[in-house]
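Please see the structure below; I have some questions.
Chain lettering (A, B, C, D and E) follows the sequence in which the chains are written, and residue indices restart at 1 in each chain.
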Amino acid sequence: MNGWTAAGTALLLCGFAPAACGVATGRASRRVPAQNVATTLLSLVFLLLAQGFARPAYVDTALVLSVLGPAGTLLFVRLLADQLADHPPGERRLRALTVGNYVAVAAVVLPLSAAAGPGRAMVKLLIIGVLLALGSWVATRAVHAAAAMGHGRGAPAEGMSGDR
Amino acid sequence: MTMRLRMWVLALGGLGVAVLYVLACLDLPSFGGHRHPYGDRAVRAALARHTANTISSVNFDQRALDTLGEESILFGSVLGTVVLLRQTRDEDRQQPEPARVAPSVRRYALFALPVTLLIGLYIVAHGQLSPGGGFQGGVVVATSLHLLYIAVDYRALERIRPLGLYEVADAAGEAAYVLVGAAALPAGWAFLGNFLPYGTFNTLASGGTVPLLNAAIGVEVAAGVVVLLARFLDQAVEIVSTDEEAEGRA
Amino acid sequence: MVRALTAGGELLGWWAALTLLWIVLIGPVDTLEWVVGAGAGLLAAAAARGARRAVGDR
Amino acid sequence: MSAAPYVVAGWLFLMGCYGLATSRNLIHAVGCLAVCQSSTYVLLLAVGYRSGGTAPVFSDIAPGSRPVVDPIVQALTLTDIVIGATVTALLLSLVIQVAKRHRTVDPDELSELRG
Amino acid sequence: MTGELPVLLGLLLVAAAGTGAVLVRDPVRQSFVLSLLGLSLAALFLLLQAPDVALSQLAVGSALTPLMVLLSVRKVRRKARSERREERE
């Protein structure tokens, strides 16, 4: 086990696991942002493990997660907009989570790029980093917008909070 | 059956399964062992056929017939879903109201859709080289189109999704797989034999029929998932039974 | 005329950017990679344009 | 350690069965079935693992330079995951049909309806 | 033995997520836990040196399965809601 694998495992334990607890408990306003954090951190874990196993080919998993993770978050926002509007998440917590995501992405992607050295592999890593940052930005915007738009949105048929 | 009785039956069955499972596990090779006779042979066969990704070689060359079976299950379940979720006589369509979405989210979707689509195509096309293949890439391609529903609007999705075309593509993917398999017959090979030249190791054209079968599966999975989700979206967003509709108007 | 030009420009821009992205993603580059990448890029660019139009005129 | 993956696979299977038997909502039951399915993935991949091995994908390493894990179980698992998703879709569409016909998705109420 | 520690962690995550997915009875909440199970499984697969399988699980688990479950829930609930209103009338 080398330093990169250890870092990946540590991130899995200290980053992903708490985020997973957030996804599994509480209201939608807590689960949805936590889901975004979980996918972002897991993508970073994949990047670290790829470096630790010395297998650049494993980077593709992080690449796929960096585009599908935000899609998953947006999907929850779209279909649970009513619940988010009923109990909007705290503004400050949301911003803190986003900033935390940016910091984590930078803290993982930049050293990995430095280790990869200039070349297409480095550009690929940076693209994944940018996609992750963009995804976490848009997830926050979407949660925000869903909470702000409140109830009047969509036909009654669009709602799902019918029996609570 | 009362809840109590059911729990007893469940506990008994669970216990039986657990005992048998433990007995079976005692005879399994220990975790992380070094004896993998089949795996080693599969790796050797894949290398002999110039396929860099052994897993793709197993799926689309060494056990291609098995994958044809799996593909048929996929085709069958898509077909079953289409039949089960069709619009019945006592149901009507209701135009869904446009959803209001933040402009920044919409812009992200418009940016992410082609990027996700390209990544999906990359995963399909490089299935015989790097991790990936038709199964994974197909799902990514299908998901990319649904970004339009997720982040924009159902009607926007409907505009770029000519459903008939995807139904045809689904069938065409399955047919292409069988045809590539049958093409081996005139060349004097068995069905689904790898009759094409193997090419240079670790280039896009390597692996003989593997990239072709991979692409066929990619088309089928992508089209199948799009058709599947279209039916679910229809049911959840558009189709209402007549009593529901009357209630909505009242 | 102007509309056709902007449409073509949009498509061309997406196509160039996406083909470049393909070349970044892959390992060793050869001619076939360029051809397949350009094809995939064109498909994705067409999807990008189609999506923008589907969202635009409503 | 050497038994942990097998224990987890068995645990997931039994948990999924428990959920299936006690579920009060057919959509939840379909989710429990997905848990059962995932136990088979864990079991298969655990059987094929080799400590110190790496994936048998030779796009970025030279063949023979490192020990590799078993590719066959991986091939089995990867197709099953996608097939499993479409089968889940089929089951969910059955649930939607049940909801339309019998106006409930609680299996207990459904068996009362039957007689 | 330290080499296997990450695998052990992945196994624990999967076991926890699977247990949670069964014990959470509400389908909407379960869909969150199911997507979590998908992510944990993908992590475990990568740790078991199976990137192909991890990709497959990610593609299916991150968006496709939750979307289908949530759409089914929406359809079923809409149905149930209109029934209930009818009864009240």
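Definition applied: a contact is a pair of C-beta atoms (placed from the backbone, for glycine too) under 8 Å apart; a residue touches a chain by one contact, two chains touch by 3 or more.
Per UniProt, the chains are A = Multisubunit sodium/proton antiporter MrpF subunit; C = Integral membrane protein; D = Sodium:proton antiporter; E = MrpA C-terminal/MbhD domain-containing protein.
On a predicted model such as this, the values are computed, not experimentally measured, just so you know.
Novice: Going only through chains that touch each other, how many steps at minimum separate chain C (Integral membrane protein) from chain D (Sodium:proton antiporter)?
Specialist: The distance in steps between these two chains is 2.
Novice: Both chain A and chain D (Sodium:proton antiporter) are touched by which chains?
Specialist: In this structure, the chains that contact chain D (Sodium:proton antiporter) and also chain A are B, E.
Novice: Where the centre means the average of the CA atoms, what chain is farthest from chain E?
Specialist: Between chain E and every other chain, the largest centroid distance is to C.
Novice: Report the inter-chain centroid distance for chain C (Integral membrane protein) and chain E in whole angstrom, where each centroid is the mean of the CA atoms.
Specialist: Measuring from centre to centre gives 34 Å for this pair.
Novice: Express in whole angstrom the distance between the two chain centres, defined as the mean CA positions of chain A and chain B.
Specialist: Chain A and chain B have C-alpha centres separated by 24 Å.
Novice: Express in whole angstrom the distance between the two chain centres, defined as the mean CA positions of chain D (Sodium:proton antiporter) and chain E.
Specialist: Those two chain centres are 11 Å apart.
Novice: Calculate how many whole Å lie between the centre of chain B and the centre of chain D (Sodium:proton antiporter), each centre taken as the average of the chain's C-alpha atoms.
Specialist: Averaging C-alpha atoms per chain gives centres 15 Å apart.
Novice: Can you list the residues of chain E that touch 2 or more other chains?
Specialist: Those would be 3-4, 49, 51-52, 54-56, 58-60, 63-64, 67-68, 71-75, 78-80.
Novice: Counting only residues that touch at least 2 other chains, which ones in chain C (Integral membrane protein) make the list?
Specialist: Residue numbers touching two or more other chains: 21, 25, 27.
Novice: Could you list which residues of chain D (Sodium:proton antiporter) touch at least two other chains?
Specialist: 1, 4-5, 18, 46, 49, 51, 54-55, 57, 59-60, 68-69, 74-75, 78, 81-82, 85, 89, 92-93, 96, 100, in rising order.
Novice: Going by the touch definition at the top, which pairs of chains touch each other?
Specialist: A-B, A-C, A-D, A-E, B-C, B-D, B-E, D-E
Novice: Okay, in this complex, where on chain C (Integral membrane protein) does chain A touch?
Specialist: Per the touch definition, chain C (Integral membrane protein) meets chain A at residues 21, 23-25.
Novice: Tell me, which parts of chain E touch chain D (Sodium:proton antiporter) in their complex?
Specialist: 1, 3-4, 7-8, 11-12, 14-15, 18-19, 21-23, 25-27, 30-31, 34, 37, 41, 44-45, 48-53, 55-57, 59-60, 64-65, 68-69, 72-73, 75-76, 79-80, 83
Novice: Tell me, which parts of chain D (Sodium:proton antiporter) touch chain B in their complex?
Specialist: My answer: residues 1-6, 10, 13-14, 17-18, 21-22, 46-51, 55-60, 63, 67-75, 78-83, 85-87, 89-90, 92-94, 96-97, 100.
Novice: List the residues on chain B that touch chain D (Sodium:proton antiporter) in their complex, please.
Specialist: 6-7, 10, 13-14, 17-18, 21-22, 25, 28-34, 36, 38-39, 42-43, 46-47, 52-55, 57-59, 63, 67, 70, 73-74, 77-78, 80-81, 84-85, 126, 129-131, 133, 135-136, 138-139, 201-202, 221, 224-225, 228, 231-232, 235, 241
Novice: Mind pulling up the chain B residues that touch chain A in the complex?
Specialist: Contact set of chain B toward chain A: 94, 96-97, 99-102, 104-105, 108-109, 111-112, 115-116, 119, 123, 130-132, 136, 140, 143-144, 146-147, 149-151, 237, 240, 248.
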